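The structure appears right after this line, and notes come after that.
Each chain gets a letter, A, B, C and D, in the order it is written, and its residues are counted from 1.
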Amino acid sequence: MDIIVLSPGATERELKHIVKKLEGRGLRAHVSKGTERTIIGVIGDTSKITEDEENAIRVMPGVEDVMRILKPYKLASREFKQKDTTIDVGGKIIGGEKIQVIAGPCAVENRTVLMAIAGKIKDAGASFIRGGAFKPRTSPYSFQGLGEEGLKYLAEARKKTGLPVVTEIMDPRDMAILVKYADIIQIGTRNMQNFRLLLEVGIAKKPVLLKRGLSATIKEWLMAAEYIMSRGNEMVILCERGIRTFETATRNTLDLSAVPVLKKLTHLPVFVDPSHGVGKWDLVAPMAKAAVAAGADGLLIEVHTNPEEALSDGEQSLRPNDFSRLMKELKPLARAVGREI
Amino acid sequence: MDIIVLSPGATERELKHIVKKLEGRGLRAHVSKGTERTIIGVIGDTSKITEDEENAIRVMPGVEDVMRILKPYKLASREFKQKDTTIDVGGKIIGGEKIQVIAGPCAVENRTVLMAIAGKIKDAGASFIRGGAFKPRTSPYSFQGLGEEGLKYLAEARKKTGLPVVTEIMDPRDMAILVKYADIIQIGTRNMQNFRLLLEVGIAKKPVLLKRGLSATIKEWLMAAEYIMSRGNEMVILCERGIRTFETATRNTLDLSAVPVLKKLTHLPVFVDPSHGVGKWDLVAPMAKAAVAAGADGLLIEVHTNPEEALSDGEQSLRPNDFSRLMKELKPLARAVGREI
Amino acid sequence: MDIIVLSPGATERELKHIVKKLEGRGLRAHVSKGTERTIIGVIGDTSKITEDEENAIRVMPGVEDVMRILKPYKLASREFKQKDTTIDVGGKIIGGEKIQVIAGPCAVENRTVLMAIAGKIKDAGASFIRGGAFKPRTSPYSFQGLGEEGLKYLAEARKKTGLPVVTEIMDPRDMAILVKYADIIQIGTRNMQNFRLLLEVGIAKKPVLLKRGLSATIKEWLMAAEYIMSRGNEMVILCERGIRTFETATRNTLDLSAVPVLKKLTHLPVFVDPSHGVGKWDLVAPMAKAAVAAGADGLLIEVHTNPEEALSDGEQSLRPNDFSRLMKELKPLARAVGREI
Amino acid sequence: MDIIVLSPGATERELKHIVKKLEGRGLRAHVSKGTERTIIGVIGDTSKITEDEENAIRVMPGVEDVMRILKPYKLASREFKQKDTTIDVGGKIIGGEKIQVIAGPCAVENRTVLMAIAGKIKDAGASFIRGGAFKPRTSPYSFQGLGEEGLKYLAEARKKTGLPVVTEIMDPRDMAILVKYADIIQIGTRNMQNFRLLLEVGIAKKPVLLKRGLSATIKEWLMAAEYIMSRGNEMVILCERGIRTFETATRNTLDLSAVPVLKKLTHLPVFVDPSHGVGKWDLVAPMAKAAVAAGADGLLIEVHTNPEEALSDGEQSLRPNDFSRLMKELKPLARAVGREI
């Protein structure tokens, strides 16, 4: 069901023209004439009306507005699938009772540092290790990642600790290499609407951690998930990581209300990345706790043994001791919301 | 200490002119000549340089930028007063170990409804009752509040339940009436920079609940607190209630990271209003929990016995049963962060 | 005509309950049952449904959403009054063919400076003089204005130059003094939703220059105009002055598209204040030109004889020479869009 | 020159540690001890300090803040190259006295429509033809473009009209095909920080039209240009196309102040796309005029012979007649700002 609102001066002829157009598309028009406006209820399978056709209707003479009632995404919606999606990654269940924690450095810098971090986060209770081998950087003069060498170190860290690997893809041409090493493929915030990349991970047989775009609405975010799912890959994990607002006291504004909103709209698991959300290490712990209380299925936390020497995002990384303390403090919070960690 | 950055082409004469101006204000200039830029470190009591004088320096010939190191607020800052401020309202301590909950309808609509709500929230464990007698409404055709009659009902509800009253001021001319009935005076989001109103509550002998402006930075918010404190009233409670962003899935975007940020910058108690923050009743409970986990000192929650008949903001009000369940669920969360509720 | 969208699982009983409620309000319900959703077209004088009643419907069982077709403002709308409003201020017509320019300092600082500026802007071709006697300042430690003394200087400047006076009101208690001196009363950006102040100028017999709030939507802005007009004062001038966004290169983001949008929605004159919009003097001229090209009815430009000594906003003030050159450069632009200046 | 601000409690030992670190990087430290803070002026070639090293300094004990004085981009900056960059595309000069207009449909839909549009825009005075063969679409169910077939039609349109072709790249793997057909390669708003794509066009020998990201600051935008230029391609054209804000009356908020801001910061040509900026065809003309008045070097305008049948963005497309009238109306405006069109 869609609704077409006619403009105050719309003529009978314009109305007929619109009705005819709808009928030509196999739909029926239910016309309501009010005192100030006439509206048309469009009846039939309006999910087949594309965004393009909707825009075409919008510019027809006599049309003031078109309102869509149905959501533009389908596979990702809670209406399509009521039961929560769970994803099994090497025996670790994402989206279940246990809150999963992905930890690790922003970028893989070298073998020694990564192994040290891997051991520490394993001990503290993390379930997955993260680290970027291909790094999206605002400046062309910043460290861009180690590439496949970094992926190899991640694989080694997995071997040592048993923690599955989460790492980011930036270029569809890296797909073949990435699937060799990654357990979960991350789509970064700047690529949430890199549609070619979305289609590419859509045919991969790996879970995808889809970060919210810096200024993406929740609807656009779910449309990005729909891109991936429409290609056959339904293992999508959504990850809130802060949106861009006017506030400069934090790197971004972590939108925790996205967690309960998504829980209503979609069956997909929802993670939160407080490290990027706030951008300062001493704000990470309170926001990680708040994320758990808000109902997040998992956390993504940056940890570095020596933030002072980190090649990327040291400012927002927890030291192993702080991470370990946080993991302990999260336990009673998880229990208080009926989860475990 | 302030820093003045000279533009690349600044002349020696311009430099001298600036130095002389600073010395005329009783300050000393420490000049550093770099390879690309010259900067001046301003030494002395720069807190006496007003925003206006700073702007005047900014337009002097040869000046590229002025950077202030010191915060523009003083009384509100953690540097000025390290210890957390606590406020005693009729024996209830705000800013202490106990998380205080202010509950009630958006607007006081009539005596019967208010008394019913008051009884329910008291039973559920709220510490304060709220309700607007003067209502800021986007439309001139909406219900504007009962005025003094509403305040009388609030006072009656206090008498019945023992809950102190929190209510909003909109106009300096209502001050005399308001102080007669209110225990805490609320400054609403649209009035956060109504400076005359701030000065007015600054001379009142009542605690002030200062809501964050819809698009106020944390710095501007603390400056608004400074306005009140500079007049002598140091009993200021800050209340995060959502900021305006591009996202439309929620009424506002509740910025919970403001809680830990404020805990670093100021000694004042910090409350959170999840009802206005999200604008939908079924998102209130998860965000209330998240607020407690993030370290909030209190909550402000809208409760109505019959949201369907509410004259204002029914959409975001909890029913008494839901509120009561939330209060129970908050207990273990509060304990998990070392607080009680 | 309003539209009520029922949720997928809405029952027949819920539908009847809603229809009955509408009929109780003298409205008729036109029910359309689609394949996925049922919608109700509400027929009758829905303008009488307040925002509050709309919200009450929104929380009724079975309701998913309520969509309003009619605009929430009436007197301010182009539908209510098709012809452009023109306002005659001492023979100067606002909203007519001539683009009117209001110039002057941000704040009235002292008699000498104001008289000097007044002479300069008069010579350059300004039509009105502006200057604040009551100043809203972010910091309590900044210059707050001269009060009535400042108004007296403005009156003297008017006497000398013949330029009518535009000045800001901050407090309803200053109304009596302000009407004695001002020809146009300005409502500043921070007070756009100071509803008490709006009602107060609504009963004044003076034109009101209503600045857009820092984060006000165009709809909210028109609702603020409606507040004033609903009290009887239809002489409202809208003034775009920049909105708050994530961009920090400019003080605000001047939303020039608001000009043609408003020209469609309302009959009220639209001004633009490029000085506050960008916050840097060397960006004022290009944006003033762009405002004229976009269709603005007037400009508000800050001019100061000595920005280096200005007590407020010196950074964004034009020097008289620059202002004079701008006025000359605007002439062919105004002609190119069928106006004069 | 960079500035390091020490925290109030920083020790002498921490200060020495920082100074040593700087000296190890070949820099000198100029220490200023103020009454409230100590700052370090960093002297030497600080442009070699990467963003990463800056972040590392930021987390050193005793450091409160690091302020960079130099801009993080170099090749794109006005300081590096004072003279305006001009780009010659088949004899048409971009960035010179003549304002260049790129027109055409959003997407290439079929041969017939494209040829019709091409003829019309040529007659109206456009200098370039645009049209997407690869389309970034929010929904996976929307028209995704004709691919190489679309590029062939564009080449045919160029042959017929003599108008060089502007078309978008979405995927680095399409580069080889695109350079065969395009005269200017467009990077769309969603790909402004698709760094791999930026590096790819950086080695192309074609001018690049770089659209501003939906929520990109001007600084980030110039960093994206720097990415391209750092690879050797200095033919970058910046194109403002609206940013995301809270306002919903327009599709985006066209930030025209970006034009004069960029004119100060960079030597690169600046275009404006009012069609995407506002998203409604009847707002395009006033904003196109405003862009010219603000100093834009060119415009990008969507034109379609039959917006009602357009497969993409029909709502914001001008009909040929409206476009033709706009081109005529722009002439005196261009002259009024010393340009021609």
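By definition in this document, contacts are C-beta pairs under 8 Å (C-beta built on N, C-alpha and C of every residue); 3 or more make two chains touch, one makes a residue touch a chain.
Keep in mind it's a predicted model, so treat the numbers as computed, not measured.
Simply put, of A-D and B-D, more C-beta pairs touch at A-D.
In terms of residue-numbered contacts, A-B and C-D present the same interface, as over half of their contact pairs agree; the other options in C-D, B-C or A-C do not. One inter-chain figure worth recording: chain A and chain D are separated by 26 Å, centre to centre, where each centre is the mean of the chain's CA atoms.
Between chain B and chain D, the centres computed from C-alpha atoms are 39 Å apart. Chain C has residues 215, 244-246, 248 in contact with two or more other chains. Across the interface of their complex, chain A is touched by residues 215, 217-219, 243, 245-250, 253-261, 264, 277-278, 282-283, 286-287, 289-295, 329, 332-333, 335-337 of chain B.
Residues of chain A touching chain D in their complex: 50-52, 55-56, 58-60, 72-73, 136-143, 170-173, 190-191, 193-196, 199, 214-215, 220, 223, 226-227, 230-231, 244, 281, 307-315. Interface residues of chain C facing chain A in the complex, by the touch rule stated above, are 1, 3, 5, 8, 30, 32-39, 41-47, 65, 67, 69-70, 79, 244-246, 248.
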